[in-house]
Structure formats: structure tokens, C-alpha cells
Amino acid sequence: MTTLQLNLPKLVRQQNPVVLTIANTVTPAKVADGLSAIGTSPIMSIAPQEASEMVALANAITINLGTINKEQVNEITTVLKENQNQKPVVLDPVAIGASQYRLTVAKGLLQSYQFTVIRGNAGEIAALANVNWSSHGIDGGSGQANLHEIAKNVAQAYNCIVVLTGKTDIVTDGNNEFINHLSTNYFTTNIGSGDMLSSIIAAYLSVSDTPYLAVCTATKFFTAAGVKAAREVTGFGQWQVKLMDELATLNSNEVLSVL
Amino acid sequence: MTTLQLNLPKLVRQQNPVVLTIANTVTPAKVADGLSAIGTSPIMSIAPQEASEMVALANAITINLGTINKEQVNEITTVLKENQNQKPVVLDPVAIGASQYRLTVAKGLLQSYQFTVIRGNAGEIAALANVNWSSHGIDGGSGQANLHEIAKNVAQAYNCIVVLTGKTDIVTDGNNEFINHLSTNYFTTNIGSGDMLSSIIAAYLSVSDTPYLAVCTATKFFTAAGVKAAREVTGFGQWQVKLMDELATLNSNEVLSVL
Amino acid sequence: MTTLQLNLPKLVRQQNPVVLTIANTVTPAKVADGLSAIGTSPIMSIAPQEASEMVALANAITINLGTINKEQVNEITTVLKENQNQKPVVLDPVAIGASQYRLTVAKGLLQSYQFTVIRGNAGEIAALANVNWSSHGIDGGSGQANLHEIAKNVAQAYNCIVVLTGKTDIVTDGNNEFINHLSTNYFTTNIGSGDMLSSIIAAYLSVSDTPYLAVCTATKFFTAAGVKAAREVTGFGQWQVKLMDELATLNSNEVLSVL
């Protein structure tokens, strides 16, 4: 049985960690606002010239592959080299099931650098596991494989924690598994939900000494905020607004109330 | 008399087409959320290395010139070459009336590749028609020319459908003309309204065999969502939220109710 | 005693100035919507090829250093060269206290070009003053120095107006000082509040012959909109929406009502 670290939302607010996101070009404002709402100080950068200082400044790092090109891959590599495994790093391999270029980049990064967490949907994690899966752009897609096995295999292959998000979220370190049933379709409609979660996971990692529990807690809290928001609104746009409200006031009692 | 294809909103949701947008750097999140709200799977890319796969994956493509530079033009050209007229393509020539660079790029693209639709405001379409027009940055500007003639001439010159948006929207394939009077000033205040419509038009094209009717329908439905939203709110920020609500629940009955 | 120019919100709406923002990649949509809401025509560009036309078109310019790299610095330099001090220019030196690269770029720009205004938080302005300050990423950070002195010194060193924003905003031209106490924590949580203010200051500069008073007025009006919004909502997401509502209807009476 996984014991969530209910003090983490408070710790994030108290410690105000700096979370560096090497972001995609589509959802950086959502990610930055989400990070700021939960109490972190988000920063973003696209210049290799400042990678060293950005890594030194950061308490945790997220690498998002949502809109990579040659320059962005150079930026990512420079940041990871500077980091030398000092700060926790989350990889968000957006749509690698839909692009051989992205998949090759993702696998290359995973072979050269140690990541603390990989956060992706079924299609993305399946691609890392070399499992046949019908991906659908940035969406999870569909397939016959056992997602629990896939997540476990990827976690073991890359010695990291895997968060496979979907209607049910699977968190595994290769040995333990945590299942999160909190969900709302609004997360799927909202472009950038995954990007936000990946960076929020990084924030939680930076204030905890037990990465696996921190990742489970971050996943639970983020989805709880979304489910709570969904109960209070009647439309997609309203939900986007309410999600920010909830992230900014998130506390343990509120999370427990939606479980 | 133009008969709108009232089944298209439902078809988009059922078929969940992948819409590839080569986006500008200002409004990609709005475009992605709008596409997702109406039931498509949006994807964006800035890497020529994955252009081939992106085009194969996509059911329709939008080329947005809102913040082009040399690299972005290379990306656009690579995507269009890969497409070889297989998937419908919408061109959004943002502010080409205000920049000779953008105008030259737009005309070059139109001479080399076949577009299904050009969607722009008066200043942008007038620039393509070589008509004297006082453009005002990204705004429509003002002039004495007959917009109906301008739209028709551009449609005939480039053998495509032209959507000239403003207080009154003009849709023409060079022979037929469809006039849409649904409008609210919030569309003008909201940066990215045109970008959203261009990509939503691409979505509708991907689920219809009659491009002209699909374009008329997309224009009518998008503006109907905005007009319906405007009736229910008292401020610009609220309207942006409500527009997303409406796009996510848009159906034929609701559109008919605001006509 | 500083006399605010209460007619400026109306003048902005009447004259509809074009405001060119060389933006960062995180918050351009917020900046563009904020500018549009107050009645300007925002435009953004990343191509040196169109810098000349963009400058000619613009009534005021904002240079934002939030996510600079080599290409972006080239774009900025090209725009400033084209401008030759013709149009008012606001510099937003985002996080220069956290990155030597950014600080070097900022100082280089300030030495080569005349800026009308520098708008930054305590950490950013302190970095320009070579004052020891504990910056915290994009946040203001903390230190012992006298912020009034720092702002004054930077204004005198670069012969410009300095807006040092925080719980209390300090506006100074090196001789006069204007203090603005209007504030809400939502401004800090909202990523891009500073970016928005910098571009709105540019808009006000473009319709006034007295730069210092225009800057004081812009700062007062923007914060008044935020404070008024804060009184009407109960959450961060709602505040973001309400801020846009308020910016779109901002008038002198409303500002006076929150003083």
C-alpha cells in the first residue's frame, strides 16, 4: 500500500523551488501558470549559453519533447550534460509514438542520461517499450498490450519511475505499482494537461527524499484538482479556469475530499 | 442558396481527425485547445525531420504565417512538399498586408503549392489581390475596394476557396458566394480568433467531400459559437472562457438557435 | 505630486496604436490579449527581414528578454537599429539577475541603444545597478539595498525611466519618484504580469507627449485593473479571466474607484 506524502503541497509552497522546464512551444504559459499556482518559481530557457546557470538555479528540471527541432535538442543535451544527475529530471516524450524523429531523440537521451521520471500516455510509453500500439498524434491511442507490464518494463529498462497517464494512471518504479483512478475527460480535452503534470511532478521531487512517493503524490494531487474542478463547472473553458483556482489552493484536506 | 452541412460537428467528433498546424508562436495554445474542443486531435511540429510523418498522420493541414522566419519558411515548404496535395491545406496569411517579407513568402507558396483554402481578413486578402488597402498590423484595416470582388478574384487566381473574415464573412470559390453575418467584437479583441478558425476549417475539410460547403459550415459554426458565448457573458475574459465551452458542446441545434 | 493623465485609456482606444512586442516564447498570447483588450493593435515578429517594416508600422516597441538566444538577440538588435530612437522603446529584462548571459545582453543593449523605459522587478533592476541581491529565477528575490536608490541610479545611468515593480511599484526618471501601492498577490502568481505591463507602458507612451506621466499612469491603471479584479473573484484562474474583463473596460472612473 502506497502512503501518499500529504505534506508535499505545503512543502512546495514553503520552499518555493525553482523548476526549470525546457518547454515545447505550444503550452509553456499553461505549464508556467500551473507551476506558479502550486507555489513554485517556474523558469524557462532556450539558450545553451545559460544552461549552466539555469541548472545551478533549478531545484528540478523537466525536459518536454513536444516541439523539438535540432536547436531544441542541442539545448536539451546541454542542460542534461550540465546537470550531471544532480537535480531530479522528468522526461515528457510528447507524441514519440507518432514520429520516428522524436522517438530516436527520446531513446538517445534515455541511453545517455539518467532520468528520475518518464511521464507519458499509453502511446508514448508503448513506443519506448517497442510494443505495437496504434498511436493517434498526441493522444494515447489504443492497443492490446498490458499497460501495467509496459510501464514496468520501461521503468526497469531505464531504471526510473514511469507515470503512464490515461483514464487510469499507472505509477511504477519497476517493483511497486500505484494506481490512480481520479480522472475527468477535461484533462484529455485540455492541451497541455500532461505537460503540466510532468513539471508539477518535478516540483514535488525537489522537496522530497522519496522520489517514488513524491511522484505518486503529485499525480494524485494534480488529478484531484482536476476532478474537484470538474464537479464545480459545466464547460471546458470554465474547467480550465477552475483547474488554476484549485491548483492555487490545493491542500491535503481538499485532495482527501475527492478520493 | 448554400446548404450548410449540419452533420459536420458530429462527424468531427466521431472521426477525431488529426489536424496538423504549422503554427505561429503567439497563439498555438488557443488553436490547439479550440481544435481539441471541437473533437479533433491537434498536433504541431517545427522540425523538418518529422514533416513526412506528420503529413502522413494528418487528415488536414493549416499553414499559419503569423511569425515566420527563415527556419519556419523551410518547415512550411518541407511540409507542403511532403503533402503533394494529398491532404487539404488551409493558408492563414497573417498580416501580409503589413510586411513585404510575409507577402513575398505567401505569394511564393501560393505559386508553388495548391491550397484548398485561404482564410484572412480584408487587409490580407486585399494584399493578395494587389489592391490598395490601408492595413493596420494584424487588423483588417480599411479601403474603398469591393471586398466581394477581391475575394472572388483571389479565389479564381489561386483556384481555391477564399474566406474573407470581418464584420461580415465572405466565403467564395470564385463562382459561388456565401455571406455570414454572425459576428461579435470579441472576435476582433481576441488575438488568435482567425488562427483558430483557419485550423477549424481544416478540421471540417477533413471529414467532408464537398470542400466549399465544409468551409461555409465551419465558418458559420465557429462564429455561432462566439455569438452564443457573447450573449451569455459581460466581459472579454469571460467570453474567451465561454467560447471554449461552446466549441466543446457545439451542435447543429445550438448553431441554428443563434441564426 | 504626480498628476496622472486620466485621458490616456480613452486616447489609446481612439488612436488604436500598433505596439510591436519582441516577445518571449512563454507569454506572448497574454501580452497580445492584454494589448488588444486596452485598445491597441498588437503585432509580434521574429524575422529580421521584416524588422524595418515592423518598426515603421509600430507606434511603440517592447523588447522582452524572457527567452533570448542568439537568433532572438539578432532580431532585437536589428529592430533597435532600425528604430534609431524614433519610436519609444520599453526594455523588459526578465530574470537578468539569474543569468549572466541575459545580464550581459541587457547591458550591451543599454549601452548601444537609448531606451525610454526599463520595467523590471527588484532582482532585475538590482542586477543593472550591480547591487548584491539574492534573485530567485524570475521572481523579485530579496536583499538589503534601498530599492528607491537602486531605481534612481539605474534611471540616471541609462537616462531613462525605471519602473521597479513589486508589492510597491517605484517609477522614477532619476529626479522624480512616483510610488504605487496598488497590488495583489495574483500579479505575482500570474506568469506574464510584468510582460503585460511592459507592453502596456509602451502603448501609453505612444499616445502621450510626457513619457514620465504616461508611464506612471500606465502602471497605476494596470495595477488598478488587477486590484479591481481581485475584489470580484475567489481564485487565481478567475482572476486571470477578470483581469482581461477589466483591461477591456478600463476607464478613468473605474481606476479612481479603487484608489
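Order as written gives the chain letters A, B and C; numbering starts at 1 within each chain.
In this section, a residue touches a chain if its C-beta (ideal position, glycine included) is under 8 Å from a C-beta of that chain, and two chains touch if they have at least 3 such contacts.
Since the structure is predicted, the reported quantities are computational estimates derived from the model, not experimental observations.
Taken together, the touching pairs cover every possible pairing of the chains. Both copies, chain B and chain C, contribute mostly unmatched positions to the interface they share, with under half of the numbers common to the two. Per-chain CA centroids place chain B at a distance of 32 Å from chain C.
The set of chain C residues that touch two or more partner chains comprises 25, 29, 240-241.
Residues 25-27, 29-30, 66-70, 72, 95, 98-102, 136-139, 189-192, 234-238, 240-241 of chain A are the ones touching chain B in the complex.
Residues of chain B touching chain A in their complex: 16, 18, 23, 25, 28-29, 32-33, 36-37, 41-50, 53-54, 57, 71, 240-249.
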